[in-house]
Amino acid sequence: MRLVPLGDRVVLKQLVAEETTKSGIVLPGQAQEKPQQAEVVAVGPGGVIDGKEIKMEVAEGDQVIYSKYAGTEVKLDGDEYIIVKQSDILAVVK
Amino acid sequence: MRLVPLGDRVVLKQLVAEETTKSGIVLPGQAQEKPQQAEVVAVGPGGVIDGKEIKMEVAEGDQVIYSKYAGTEVKLDGDEYIIVKQSDILAVVK
Amino acid sequence: MRLVPLGDRVVLKQLVAEETTKSGIVLPGQAQEKPQQAEVVAVGPGGVIDGKEIKMEVAEGDQVIYSKYAGTEVKLDGDEYIIVKQSDILAVVK
Amino acid sequence: MRLVPLGDRVVLKQLVAEETTKSGIVLPGQAQEKPQQAEVVAVGPGGVIDGKEIKMEVAEGDQVIYSKYAGTEVKLDGDEYIIVKQSDILAVVK
Amino acid sequence: MRLVPLGDRVVLKQLVAEETTKSGIVLPGQAQEKPQQAEVVAVGPGGVIDGKEIKMEVAEGDQVIYSKYAGTEVKLDGDEYIIVKQSDILAVVK
Amino acid sequence: MRLVPLGDRVVLKQLVAEETTKSGIVLPGQAQEKPQQAEVVAVGPGGVIDGKEIKMEVAEGDQVIYSKYAGTEVKLDGDEYIIVKQSDILAVVK
Amino acid sequence: MRLVPLGDRVVLKQLVAEETTKSGIVLPGQAQEKPQQAEVVAVGPGGVIDGKEIKMEVAEGDQVIYSKYAGTEVKLDGDEYIIVKQSDILAVVK
């Protein structure tokens, strides 16, 4: 199963970073501050959205920074995704 | 009786998942977190909505992810439906 | 006396359902959850509303589902009506 | 002195209904729930308002239903009026 | 010194009404309810404001009714004025 | 160093008025009510802002009245400025 | 790694000013009021954003004043950046 976003939406996947403290304890990703960096896993077709022509500027595999609190978290087959509008993506990391 | 949505509206039906705990107790769907995945049961005609041309992109039978808190719950003949605008549908699950 | 709605407005009349409990007590309509299903009793002419062309899609006699909290309740000659904009009507029941 | 409304505004006058209780006590209009029915006493010229062409649909003498909480109450020569935008008028009573 | 309003703005001056109670005590204007009637003392040039053509409909010397809470109070040379947008003027008193 | 405003923005400088009470005590400007009168020190180029053509109507040296709470206070080289959009300027004082 | 902003976004970097008190104690930047002055480190391509043509007016290396509370703070490789829309930049410091 895979997510096919509609319109100007983009499916993102956060990279869950495991982190080891100085004393060697591994902190799972959830206990840390939510990172705003994610990888693009699917991109909607764009087109006329709400009466305005939107051209998709990001591509599958891009590392992106997205707006805090934006988007909807979705769980599919045990994996977690975030679906955002392209306008909630601030920058690509290159 | 059936629901015929107006404009850019879409009628959804949530699949109520029964779930069995490890000890064998069956939890009814209501006791669980509301899923955001639903099946499209009827699609409005689209057209010019609020001065903007809207083309319907989903079809009856599609499995979709929709925006949390979006839509209106409706009961008809004992069945429960959610009526959303197409723009509240984030992605199709394929 | 009758209500002639302006613009894209629609006059609705809720069907007050009397309901008999198992013990035989009749609960008047007011004590129950407000139903969202109503009958269309008058339809405005549509036309250019707030700079946008609106075509009326519902007709007198239609059974419709309308958005919770939408509209204004009006009493006329002892009868109660709800006046909504057509965009607050979600679906027709057929 | 008279009120000449600007743009898409309409001057309304509520009919203060005196009401006699069963025991014969007369309740002045103020002690009752504010009625939403009023008579049109003056109609603005319409025209291009906020970039949109507005055609006036109500006329002096019409009995109308207007939106609760809409409009501004104005006192002139001891009389009370309500000035609303035409879009706050829901229906004409005929 | 005088105020020259920009765009669709209008400078108003309230008439401070002194009022004598039955017992003969004079209440200064401030102790009373703020009247919504004022005289137009200067009118902006109108033109294209926020992308929309605005034609000025009021003139210096007009007695007008303006929207409660609208506008900005300004003190100049000891006199008090209210600067409103023309759309906050509801009606002219004739 | 100087501030060059972008788009339809205008840089203002408030005149800090020292005031002597009847008993001869000098009150510094900060202890008084913030005046809304200021001098224009720099004017943006205008042009198409947010899809709308904006023509600048104020000029360097103008004494203007601006909207309460509007704008952003900026400190540069020990001087304080307020940067507002031209639409927050209500009137020119002549 | 570097940030490539999308659309009308601009990446800013605040200059963290260390400050020595009269008694010689060095106050780190965080303990001070957040400055609104920053340097432009990357500029988006502009173009049609939300249906409106946006031309980028700032360039890499510009010292700018930006709107308080605007933008999103982003950490990359230990450096902190602020990503704002160009419309949140008030003025260039020259």
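Each chain carries a letter (A, B, C, D, E, F and G) given by its place in the written order, and its residues are counted from 1.
To be clear about the criterion, contacts are C-beta pairs under 8 Å (C-beta built on N, C-alpha and C of every residue); 3 or more make two chains touch, one makes a residue touch a chain.
By chain, with names taken from UniProt: A, B, C, D, E, F, G = Co-chaperonin GroES.
Keep in mind that what you see is a predicted model, and the values were worked out from it rather than measured.
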{"item": "Chain G and chain F - chains in contact with each", "value": "none"}
{"item": "Angle of the C-alpha superposing rotation, chain C to chain G, to the nearest 5 degrees", "value": "155"}
{"item": "Inter-centroid spacing, chain F versus chain E (mean Cα positions, whole Å)", "value": "23"}
{"item": "Inter-chain centre distance, chain B versus chain G - centres from mean C-alpha coordinates, in Å", "value": "42"}
{"item": "Sites on chain G at which at least two other chains make contact", "value": "51"}
{"item": "Category of the chain touch graph - line, ring, star, complete, other", "value": "ring"}
{"item": "Chains listed in ring sequence, where chain D comes first and chain E follows it", "value": "D, E, F, G, A, B, C"}
{"item": "Parts of chain A lying in touch with chain G, wherever the complex brings them together", "value": "36, 51-53, 57-58, 65, 67-68, 86-87, 89-94"}
{"item": "In the complex with chain F, residue positions of chain E that touch it", "value": "1-7, 9, 11, 42, 48, 50-51, 72, 74, 76, 83"}
